[in-house]
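Take a look at these structures.
Okay, so chain A shows up in both of these, paired with chain B first and chain C after.
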Partner chain A sequence: MSATIPREHEPTAVVDVAASAVATGVTRNEPVLEIEGFSVDYGVGASMVRAVDDVTLRLDRSRVLGIAGESGSGKSTLVYAMTRLLRAPGVISGGRALLHTTDDDGVVTPVNLVEATESQLRKVRWSHVSIVLQSALSALNPVLRIGREFDEVLKTHRKEMTRAQRRARAVELLRLVGLTEDRLDRYPHELSGGQRQRVMIAVALALDPELVIMDEPTTALDVVTQREIISELATLRARFGFAMIFITHDLSLLVELADEIAVMYAGSIVERAGARELYEAPRHPYTLGLLHSFPPLHGERRELTGIPGSPPDLADPPTGCRFAPRCTFVMARCLSERPTLRELGDEGRSVACWLFDPASESRVPVELSLAPSARQTVGEP
Partner chain B sequence: MSDVELDTGAVQLRASHLSRDFTTRVPGRFLRAKRVTHAVEDVSLDLVAGRVLAVVGESGSGKSVLARMLARIVTPTSGELELRGTPIAPKAKRDLAYAAMVQLVLQDPFASINPVHQIRHSLERPLLIHGAERARVGELARSVLERVSLDPSDRFLDRYPHELSGGQLQRVSIARALCVKPQVLLADEPISMLDVSVRLGILNLLKGLCDDENLAVLYITHDIASARYLADETIVMYAGQVVERSVGTALVDEPTHPYTQLLIASVPDPSDPTSIAPRAATAGVMDSSVVGCRFAPRCPHASARCLAESPPVFEIGPGHHSRCWLQEGNRVATPVLTTRRGKGGPTTT
Partner chain C sequence: MRIVARRLGLYLLTAWVAVTANFILPRLMPGNPVQTLIGKITSQVTPAEIRAIRLSFGMGFKQGVIAQYFTYLGQLFHGNLGISITLGAPVSSILRESVPWTIGLIGISTIISFTLGTLAGAMLGWTRGSRFDSLIPTATFFQAVPYFFLGTVMLLVFGSNLHWFPVLGAYSQSATPGWNWTFIASVLRYGELPVISIVLSSVAGWMLGMRNMMITMIGEDFVLMAVAKGLPRRKVIAHAARNAVLPSIANLSLAIGLVVSGALLVELVFNYPGVGDLLLQAVLNEDYPLIQGIFLVITLTVLAANLIADVVYLVLDPRTRSEAAV
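Showing the complex of A and B:
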C-alpha cells in the first residue's frame, strides 16, 4: 500500500483566456452553429405555451456563447430542443439549427438538427456536440462505475478501440479534469459534487467534439468549486479549441467566461452583445436590472433594488413587451406592441426594446446609453 | 449602515460554545467501527435585536446544523443557549414559547410550503396553534402578508403554492415565520433557490424587518457578497469551526484567514477581467478528525505547525477575529473564544 495520498488536482497553469481565444481562433469566423427562427412549444391547442420564441443565434468556432436567463426563460429548453433531447410535450414548432460538422478530413458538412433522422443524430451527438447537464448526480447512472460511462461512449462511437485503449483514454480524460485513475472504479455516490461534474466534463470531451453545451454546470456547486471548474474549462478550451455554449442564471460569471452573451427573458432573446460591452454598457432594461442584482464585493455599501415584480407566466404572457410590467422605462407603446430583436447601428449588438427604435421619439435613458469603456478592447480583436 | 458599530440592541438569543457531533459507521469496515464527525464545534454567537448576523460557508461547513440548533430542531452535543437572558435546559423539549420567539425560514420555498393547501392554510395554522382567536386569524394572516409586501393580500390568501413564483413563495415563507411575532428570525440560505432578479428583494425585506421591527436576524449563505451587503456582523465557517468573524465589512474588505481569502477570490467579479485566472486550490476532504488546522490541507500558506497544532482564535482588530497561525504576530489582544473544551485542541502528548 502506498503511504501517500495522491493529490487530486495538480495546480493548473495560469492561462490568459483572452490570448488563448486568439491562439485557437484561427477559424473563428466560420460558424459552428447557426440557429434561425427557432421556436419551441409545450403542449398543443389552447393550453399551448411557447417556451422559446423565434430565437436566432450564431456561434463561431472556438468561441464561447453565454446564455443568461432566469428559470422559465427558456434557456434550457432551447438547447434541449436544439440537440433534439427535448421530450414530449415539448415540440419544435419552427426554425432550424444548423450544426457545421467537420469530419477527420476537414470537410465541413452542415446538418440541420431539427430535421435530422435518429441515425444522423447518433453520428452527431457526442462526436460533434456534447452536453453537460446541471445535475451530474442524475446524469450519471448511479449503479454503474465511472469507468463504464467512458466505456459506453467510446464503445459506441469508436468501435475500433480495444478495451485497454478505452481504459487508457478514460484515464487520460480524467487527468485532464484533475482526477486520478482510481476514480474510474468508483460509483457516482462516492464522489463529491465537484468531482461528479468533472467526470461529466471529461465524458463530454471524450470524442473531441466541436461544440460543448454546458447547462448550468456549476449552479449546484459552492463558489470555490465553481471557480476551480471554470478555470479548468478555460484551460481545456485553450488546449482543444472547442466552441462552448454556457447556460447560467449568473450573469457575472458569464461576463468573465464568455466572448458573447445572449440574455433571454420569457422565451426570447432581449439582448445580444460582446461580454464586456454587455457588462459595461447594457442596452436592455432587463440586462441593466440583472447587472444591478449582484451585491458588489467592493466599495460603499448602498441599497440595491434588483428588479421589481416576478417573471411572467408564459401561459398568459403580457401583451406587448414581456418585460414591460417590471420595466422602469416603460412607455405606452411597450404595453401594446412587442419589440423585436434588432441590430443597434454599427455597434455589433442587438436589443429588443422600443427605446432603441430609430423611429421612436423617446430619448434613451442615460443608464442605457453608456459607451463601453476603453478597457474592454483589451484582448478583443 | 456604519461599518464598525458595537452592540447597542438587546441580545435576544445567545449561543455559547455550541457543538454537535454526528456518529457515522465507517463503510466497509467492521460493523462496529464508528467515526465521529464534528459538524459544529464550539461556536458562540449573539443574535442582537435590530442586527443581521451572517454565517458564510460552503456546503458541509455546518452552517445549517448551527441554524437548526438555534431553532432547537437539532439538540446540541454540548454548549448552552440563552433566550433573552434565560438559560434553556439543554435536553428539554422545544416548547411553543420558544418557537414563538425563534423562527426558522428554510432554503427551498417550493418544498417548505404545503402544496395541497392554499396560502391561507399555511399562515393560519401557526396562528391557531399559537392560540390566536379563530375569528381574528384571517385578519392577522392578511396583515402579515402585507408586511412582506404581498399586495393585495386577499388575492394571495386563496392561491395555491404552485400559482406563485419562487420569490413570492419565499415571502410567504417569511410571512409564516412572522405570524407568531418572533424576536429572532433564522434564515437558512433564503435566496439561493431564487431567481437572480428577485434575490435582492428578499434581502431588502430581511433588512427592513431588522431595521423597522427590531428583529434579530441570522442570515446563512454561501454567497459572501450578499453577506457583505446585508450583515452587521459576519462569521465564516469551515468544517464546523468559525475561522474568521468581524463586525461590519472588515472581513470582506480585509480578509485575514486564507479560507476567507479563497472564498472572496472565488466570487465571479466582472469588474476585474483577470479574475478568471486559475488559482491553485485543491478540493480538500473535510475530515473533522484531522489534527491541526482543518483548512491546512487546502491552504497555500500551511506550515508544519498548521498540520500539527490547531490554531486558537486571535483578535486582530476591534471585533475582528481569525483562527489562523499567520495572525499570531498580528494580535492586538489576548486570544478570545479559544477552545475551552478539551476536545479539538492540540493533541500532542
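Showing the complex of A and C:
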C-alpha cells in the first residue's frame, strides 16, 4: 500500500472517464479482482466444514459478475471471506484474493486481502471495495440518522472534507439514487424498504470504489422495487464504471445486470459463462435446474420444475461430483471422480461436469447443448 | 414534545394515586398513633392529656374522611407533612436533613457503578473470550455476597484494622457542617468506603448486562457494515455500544428510583445519617407521620426517576418516538 494520498473530491471528473470508457465500448481488460485457489472452512479439526472449496475467479474493471447458487452454496461466504469480513468460526484456509487498487494518480497497486493487515484493510475498505447487504434495515444503525451513514464514511476516508462538503456530497449521492435531501435527517425505520436499500447503494458509492459487492440487495424487496433498483444499478454502473459482484439465487435477475455469471454449488463454482450464454444455453445440469426454478422475466414461459433433493452435507460431502445425487444425467464416473472447472473448447466459458470431458464417450444431452442466440450489446436485454 | 407532555400527565396521575394511597393506608390500619403514644407513657394519662395529644395530631376536630383528605392534600402542597412523634420536629425538616445524604451517597455510587460496569461490559463483550473474561466471576462474587456481610467485613478490615478509611458517620466530628472546604473534604473522605463497597457489590449487574447486549449487537449487520466501511475500531465499538446501552439505561432509571429507599443496609453498616436509617427508626417507633413522609419521598423519587428515564430513552432511541406517537 502506498501512503494515503488525499483523493481529489471531483466526482464529475471520475464520471467522465468511466462513462466514456463504457460508452465507446472500450473494455479495459485490466483485472480489479483476482481470486485464486480460495478456500474457506468453518471450524477446525473433526467438525471442520469446507464451505468454499478452491475457487478461482477474475473480475475485470467495470464488469459485473453475478454469483448464483442456492442457500448454503458458499456464495456469501466467498465474498465475506474475500473482503475479510467473515466472522469466527469461518477461516480462510487457502488461496489469495488480489484487489487491484487504483490511487488518484492512476497507479495500480495489487493488495492481497488475505494477507493484509488491519490498517491496510481499513484503507482498502469502502475506498476501493464497498458492500451492500440484503437487509438494509439491519445494515443501518437504527439509532442514527441516515446522514450519519454518509458522514462517518467521508469523515474517515476523506479527512480534508469540511462538514458542509460532506453534507453536499451526501445530498449528491442521494439524488443519484432518486432520493431527496430531507431523507438525510430521517432514521432508518422511517424509510420504506426500497428507500433504505437505495440509501445503502448511495453510501456504497460514496468514495467511488472500484468494486461494489451486492449481497442479495433486492431479495427482501417486492418485485417492482426490485426491478427499479436493478435498472438503477445498471445506470449507475454505466456512469461510474465500478465493477460489481452481485450475489443472488435468482438467475433471471442476474441476466439483466451481469456480464458474466458464476454458478456455485456446495462450495465450488460449477459453471462460469457470459450472462446471456449461461441463461440461454446452460451447460451444467445444476445451472439448468436453477433456471427451471425461477419464472423468466422475459420471453416464453417455461415449466418450473425445481431441482429434486437438497444440497449435500458439507461436513460429509459425496466422493464424486457433489451434484451427482441430484443430477438427472448422472453417470458412473460422476459418483467416484470429482470434475474440475475446465474451459469448454472455444466457447469462452467453463464448466465442471464430466459430460463435457473431451475423453468422455457419453453424448451431451440436448438440453445442455443449445447454442446461445447471436450476442447483443452487453447490458442491454 | 407532545409525547413528553403526555408522559408527564401520566406521571402526575400516578403521583396522585400514590399520595391518595398514602392517605388511605394508615387509616386502614388497626389502632391509631394517639393510642400508640399513650401506650408509651408510663404514668397515668388524664382525659385532658389525651385531648391535647389528639389536637396536636390534628385529630381533635370532627371532620369527615373526605374533608380530611382535602386538608391532607392542602397540607402536602404546602410541604407540611406533619410532626414526627418520636423526634418532635416537622417531618419535612427531618427529611430535608437526611435525604441529601442518601441521594449523595447512593446516587454517586450508582452512577460510578453504572459507568464503570457499562464501560467494562462493552469492552468484555467486544473482546469476548479473552483473558479479561475472568473479571466476570470476580465481580459476580462480590454481588452474590450479602451486602451486610461484605460491608461489615470491609469496615472491619479497611476501617478498623488497617485504618485506611475513617469509620462511622458521614463526616468528621471536628468539621463544622456547612459550605467550607474542611467539611466537604471530610464528607468525601468518609464517603469513600461506603461508595467503594456499594460499587463493588453492584457493578457485576451492569457489567453482565452490557456485555451480553454487546455480544448480541456484534452479530448485527450494522456492526459488520461499520467494519466494512473501514471505520477505526473505536468507532465500530461505538456503533455496537450505542445500541447495547439502551436496556442498561432502562435499568439505571429503576436503580435511581431505588436510590432513596435501597440504602438501609449501607446506612446501618456505616452509621450513615440517611433515609434508610431514619425509616428503620420510624418503623421501630411506629412514628406514622415520619413513615408516611418517607414513603411519599420514595414514591416521588421513583416516579421522577422513571420520568427522566423515559425522556432519556426518547432521546436515545428514535424508534420509541414514533411508537409513542401511534
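Everything that follows uses one rule, which is that the second predicted complex is superposed on the first by the 338 of 381 C-alpha atoms of A that agree within 3 Å, B and C clash if a C-alpha of one lies under 4 Å from a C-alpha of the other, contacts with A are read in each partner's own complex, and residues count from 1 in each chain.
We adopt the following convention: contacts are C-beta pairs under 8 Å (C-beta built on N, C-alpha and C of every residue); 3 or more make two chains touch, one makes a residue touch a chain.
None of these values were measured; they are calculated from a predicted model.
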Looking at A:Leu290, would you say it contacts chain B, chain C, both, or neither? Reply first, second, both or neither. first
Which partner does A:Arg227 contact after superposing on A: first (chain B), second (chain C), both, neither? first
Who does A:Pro308 touch here: chain B (first), chain C (second), both, or neither? first
Could you tell me if A:Tyr187 is touching chain B, chain C, both of them or neither one (first, second, both, neither)? second
Applying the document's definition of touch, where does A:Thr156 land relative to chain B and chain C: first, second, both, or neither? second
First (chain B), second (chain C), both or neither: which does A:Trp126 touch? second
Looking only at contacts as defined up top, I'd like to know whether chain B or chain C touches more of chain A. B
Looking at chain A, which of its residues have contacts with both chain B and chain C? none
What residues on chain C touch chain A, complex-wise? 219-222, 224-232, 235, 239, 242-243, 246, 316-319, 322
Considering the complex alone, what residue numbers of chain A touch chain C? 83, 85, 87, 121-127, 130-131, 133, 135, 138-145, 152-153, 156-157, 187, 189-190
Quick check on the complex: what are the chain B residues that touch chain A? 1, 58-59, 165-168, 195-201, 203-204, 222-226, 228-230, 249, 252-253, 262-271, 273, 275-283
Complex contacts: residues of chain A adjacent to chain B: 7-9, 11-18, 70-71, 192-195, 222-228, 230-232, 234-235, 249-253, 255-257, 276, 279, 289-290, 293-298, 301, 303-308, 310-311, 375, 378-379
